[in-house]
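One chain, chain A, appears in both complexes that follow, with chain B as partner in the first and chain C in the second.
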Partner chain A sequence: MRKYLSKRILSSLLAITGLFVMVFFLARLTGDPGHLYLPIDAPVEVRKEFSEKHGFNDPIYIQFGRFLEDLSEGDLGYSLRKERPAIDIVLEAIPVTLSLAAVAMTIALIGAILIGSLAAYKPNGLFDRISRVVSLTAASAPDFWIAITAILIFSVSLGWLPTSGIGGLPYWIMPIGILVIRPLGLLVQVVRGSMITTLSSDFVKTARAKGVKEKKVIFKHALRNGLLPVITVAGDQAAAIANGAVIVETIFGWPGIGKLMIDSIMQRDFAVVQASILVTAIVILSINIIIDITYAILDPRIRHK
Partner chain B sequence: MKIKSLSLAISSAAILAFSSLLSPAYSAGKDITIVIAEEPDIVDPCEATRSVVGKIVKQNVTETLTEINPADGSVTPRLATSWKQTDNLTWEFNIRKGIKFHDGEDLNAKAVVKSINRALNPKYDCEIRTKFFGNIKLTATATGSHTISIKTETPQPIMPAMMGTMTVVSPNTQEAKGVRDPKGTGPYLFNTWTPGQSVTLKRFDGYWGVKPEVENATYVWRNESAVRAAMVKTGEADIAASIGVQDANDPKMDFSYFNSETSRLRIDMTRAPLNDIRVRKAMNLAIDLDGLTGTIFPEGVVKMTQIVVPSINGHNPTLKPWPYNPAEAKKLVKAAKADGVPVDKEIVLIGRLGIYPNSTEAMEAMHAMLTEVGFNIKIKMMETAGWLNFLSRPYAEDRGPALQQSQHDNNNGDAVFSMFNKYACKGAQSTTCDKQVDAWITEATAAIGDKRRDTWRKAQKKLHEEIIPDVQMFHMVGFSRVNPRIKFTPTISTNSEIQISQVKFN
Partner chain C sequence: MSNNVNSLLKVSNLAVSFDTVEGSINAVQGIDFELNKGQTLAIIGESGSGKSVTASVIMGILSCPPGRIKSGEIFLNKQDILKLSEIDRRKLMGNKIAIIFQDTLSHLNPVFTVGAQIAECFEVHKNYTKKESWDKAVKLLDRVKIPNPYKRAKDYPHQFSGGQRQRVMIAMALALEPDIIIADEPTTALDVTIQAKILELLAELRDERNMGLILITHDLGIAAEVADKVIVLKNGKIVEKGTLKEVFIKPKHKYTKELMNSIPGKFNQRYKRSDNIDTNPILEIKNISKSYDTLACDNINFNLFRDEIIGIVGESGSGKTTISNLILRLIEPSSGCILYHGRNIFDFDKKELFNFRRKVQIVFQDPYASLNPTMNVFDIISEPWIIHNDFLHKKLHQARISELLTSVGLKPSDSKKYPHEFSGGQRQRIAIARALALNPEIIICDEAVSALDVSIQAQIIKLLKDLRKQFSLSYLFIAHDLPVVKDLADRVIVMKSGEILEEGNVEKVFNKPVNPYTIDLLKSSPSIEKLLSN
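Showing the complex of A and B:
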């Protein structure tokens, strides 16, 4: 297990290094940040002076050397726009997104396990048919439209919830609700499919024949085995939210990493782009490692390989 | 029955309790909330010419020496009480006495000179310098306790208007670096900034002017126009400074106003077939501007005849917009073709996504109308970064003929802030070069009074009638939503500043 984990961590570090180098060069292919930073009407001389001052007109290998030198001192650069260390800005944004992701995925996972398991208990029963239609609709729902519609209904018409912003419980309801919809829809489908297969397995039949209570059969014996594919999909969904719940962050005014990344890419704020990609990559690779560990716990075959 | 009634009562109570528990925070009392479209990345007053910064700090936290009247572009006193030109290259400004900065420092000549020097320090990429003073060598000197002289290497007859962009900060403000807690002389103190969430301003009791009604102002930001509009509708905010036309659907709350922006397609006159005047005339005759108004562009836009709006000094009111005459346009294209002009050559229409609402639809409509009269147009919609690569010099040598969707903002009182860049031979975004227009631009830039105005007007006329460097479109309108509990009328300046001291309560 330890060897397995060490291997996974090492390969993750290699992937992060590769990604980081790639982002450095790809970002600079987009052009000179001065074009976006300076006002449209800035004279040509001012543009030249700006590029020279910030080293944007140096050959790219010299810029890369400078970048490595700073990195060796633990310096991820300074935001051109915000005039602050890039890492500080990223570390302010990432907890926002991670809290959204954690709450949304917990709700989605619990909801999906309950609904999916119950649906699988009687395939093609009324509950199964309703849950299939609803989960399919949820899995393909457009976030943007739902978010704006929810604001119009719950904030403007009913006045129950704030339109947007960060605060206590009321401010969480709509953003979390929107974020939960798609993973919940997908996970219900996966749990249902996986549980139908598991519930028809020999070991489940044996358990039933031995007179084990139905509740225990479903939630203890079958669920443990049925969860393996669910973990993979849940991990992907969690990584997708961690990578930036851009629409929710943008509409509801949550200053998370997704919005920060998009804004810094649009503004060619290279230091922030690099820092946010680095931190997000670490988060996603951590999620993947957690998934691997969970897999190993659930499936002894992996543990003992 | 009893059980039913009891259930109903319990349900109603539960709903009420739930609603009150969840009720959002509404603006109340003498405090207001303003929702803007984007978060400021910095709040240094030196960046106040950027609209996101200007809406928060300009004339609220920090003030300028002069102010430009949005109605007619005239220059009025603010921190300076008077000014005069002492020779061709020198201006003298008298500074208002008895004013203190928010940190207790006195406003005097030395403080103003220090503030000007800070803004013009090349070590700091301050937008006031890069936008307005990039080509100007300027020396500011304190000549008395409350008198400064500003000397330039070339005549700057509109220095008083330019000082309407120069925010004055406390002498304790750090040099060559943006600040996150600006100290000025304005009616509001910069109170807090919670990154990602809000900025708050608090009324400054030591303000030299009339005491404003609003005690505290909170700025929040939401990218989505529908959300900004909803915030005012629900009472969570009092002013949504800018909303999309599609969200301006409540006549009791929504205002439209000229926003000082002018939209056009810049014609690259250096490339065939666009270097033929018949082609450029035909392009203007091909566009049905009336058809675009109230459909793709909102009601209230005004057909442009020149790059500056009517309130700007140098606007020529005698010019008439191009009529819609596709038959005449076709004749011109045919005549040009007969003379060997390659009118069939592909012309790229470079558009910018989101430059204004419905920008893509606008380009599709222009494409259809230009194609209708015989041009071979290909649309290329781009993000800002890519679009900018085509906008300014140095232009690519191997470029083909192109039209570029553009929008220009000038609410700074004078045509000088538009004309050189857009139409002079060496203008950063100019694709035209006419010796006469160049001479007029130079002449007007150095002139004052009627001569200045009339020279600009001559240049505008020649550009409009003889050179035709643009497919002319509209002077644009913006929309704001204002909560009926306050009195605030958006103006042409609302794009760049929101003076909270002008907000009153109903």
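Showing the complex of A and C:
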């Protein structure tokens, strides 16, 4: 297991390196940041000086070399706009997104396990049919539309919840609610499918033959086996949120990593783009490693490989 | 209700049906039987006879729907258990009646330790603490002779061998000292020597606790070894019941007689291959060794002649399949060579190998898995001709397929059908027709009849014999089932751990075995001979 993990981490590092090289060059394909940074009527000399100062005139491989040199000293560059180290800005934004993702995924996962398992217990029963329609709707609903409608209803008409910003519990309700919907819908379907298969497997028959109560048959014997495919999908969903819940963050004014990334791309703030991509990549790869570990915890057959 | 004081279980007029899209299927149609303390009742029947359905109903694990109990009573201790509430019924399950299943790898939960799974029985039915339950589980593992039980209790099912897993399953069934144990094909997937030990253990425990044992099996040999009473099921009805001797020695019903005749290993109708047709062997296996992490086969030598059937006998891990893979050149040997008409097959270039492959064909064990479900019979049988495109002109395919299907006992019109439309035995016939398509010299049958019911098995063996006569084929017949080999083979090779332990004429090996392992193997192999000779 330890050997497997270190191998996994090593290959993740390789992936991050590759990603980083790609981002560096792709970002520079979008054009000169000076065009966006300086006023439209800025004289040519000013533009030249700006480019000179930030090294944008140098051949790209020299820029890359400089970038690597800085990186080796732990320096991810300086934000052009905010005039602060890029990494500081990113490290302020990431906890916001991560806490959104963590809360939303926990709720989605628990909800999906309960609803999906109960639906799977009697396939085509009333509960199953209702949950199937609702989960399909939830999985395919456009989140920007729900967000705007929710603001309209709960903030504008009813005045129950704040429209945007961060703060106490009321500020969390709508963003979390909207982030939960899609993963919940999707996960209910995955849990249901997986549990139907597991509940008809032979070891469930053995458990019943031992006289184990149905509740335990479902939530002990079947669930732990049925969870394996669910974990994979849940991990993907968590990664998607961590990658920037852009829409929710923008609509509700949460200063998370998604919003930061979009803003810095718009402004060609290369250092911030690079730093945010590096940090999110690390987060996503960590999520993947966590999934692998969870797999091994749930299934001894993987552990013993 | 009978007055029999020893009566444990009485089933009367039990009928079960399954509701399917195509209507209701009657799986069990009014069966009656009684089981006494300390007695073993064997329920014999082929696939689809309703024996496992009967077991699930008694156990209380029939899934309804689609299953439906249409009528009947099952008395356990003077109480009709079919009338009990769900809660009262559950109190009996695992407690008064317990079951042992066939495929232990799928029937044990892969994510819990075996100790926890056995301990669960106590947690469900008794108010034992976790610690007490665990200690009891360890004791049970010891009772079923799992070595080092204290440590092994913490292991997971996949860390045990098949035989050990069956012991774990038995320990679980025994946990609460039930009155009745139902054993549903408990040894079908196991090697004969392990099978013998498991059956011995079951009988020992039955006597020790005066339990009733219901043994469900398709293997008449096993029934003959352990049963006191026998019922024979066919299409959900009891066609014959009585004591073991009544049913086995003087069967009355036509179907039972047919079954008894199908039992392999009677040495009848042997076909003598004409001597000296060809003194040069087709295939010479010379000093072949193959090692992976361990030695899979070690310095194997034998020859195969034209029109000869060699039976290779051995338990799992003995290297039988490695040899077949080597002969097909699916794997390369670590050392040694295989000569085909005097030429080493491992020196063949691409074209020679291509031609060689025509001459050696294989029939696999599981006819459900070895035929592509999306191809119809025509496509399956003609595929070799598409690969070997100079073999037969396209216009002749249909005619040749009709011939082949006829020679394996199927109808030419079957060529349009898909594999799922056939029974297991018929599928094996299709697999044989495909093997015959390229006029091979050698057919390797890797456990080709192991998955089939006895009567079907007998038919396939007869077919293989007929085909050999007709086409002068040579077979390499790989099997763990000794009686089948006895019926079919001219020569027998006994293998263990990658080595040949004994080799010789079939009469000699079966009647005067020399190697202690062969003797053990023959003794372990369940047969009705002992019963008949008494």
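Throughout what follows, the second predicted complex is superposed on the first by the 305 of 305 C-alpha atoms of A that agree within 3 Å, B and C clash if a C-alpha of one lies under 4 Å from a C-alpha of the other, contacts with A are read in each partner's own complex, and residues count from 1 in each chain.
Definition applied: a contact is a pair of C-beta atoms (placed from the backbone, for glycine too) under 8 Å apart; a residue touches a chain by one contact, two chains touch by 3 or more.
Only a predicted model underlies this, so the values are computations on that prediction, with no experimental measurement involved.
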| item | value |
| --- | --- |
| Combined model on chain A: chain C and chain B, fit or clash | fit |
| Which superposed partner A:Pro300 touches (first chain B, second chain C, both, neither) | second |
| A:Lys213 touches, of chain B and chain C: first, second, both or neither? | second |
| First, second, both or neither for A:Ile166, with chain B first and chain C second | first |
| Partner chain(s) touched by A:Asp202 [first = chain B, second = chain C, both, neither] | second |
| Chain B or chain C, by number of chain A residues touched | B |
| Minimum Cα separation, chain C to chain B, after superposition on A (Å) | 37 |
| Interfacial residue positions of chain A with respect to chain C in the complex | 200-203, 205-213, 221, 224-225, 298-301, 304 |
| Touching residues on chain A, where the partner in the complex is chain B | 30-31, 35-47, 49-50, 53, 79, 81-83, 89, 92-93, 96, 148, 151-152, 155-156, 159-167, 169-171, 173, 250-255, 266, 268 |
| Interfacial residue positions of chain B with respect to chain A in the complex | 18-19, 21-25, 39, 41-42, 49-50, 122, 125, 127, 129-131, 134-135, 177-178, 195-197, 220-224, 226-227, 230-231, 233-234, 236, 383-386, 388-389, 391-394, 417, 421, 428-429 |
| Residues on chain C engaged by chain A in the complex (per definition of touch) | 59-61, 63, 90-95, 98-99, 101, 103, 106-112, 120-121, 124-125, 156, 158-159, 172 |
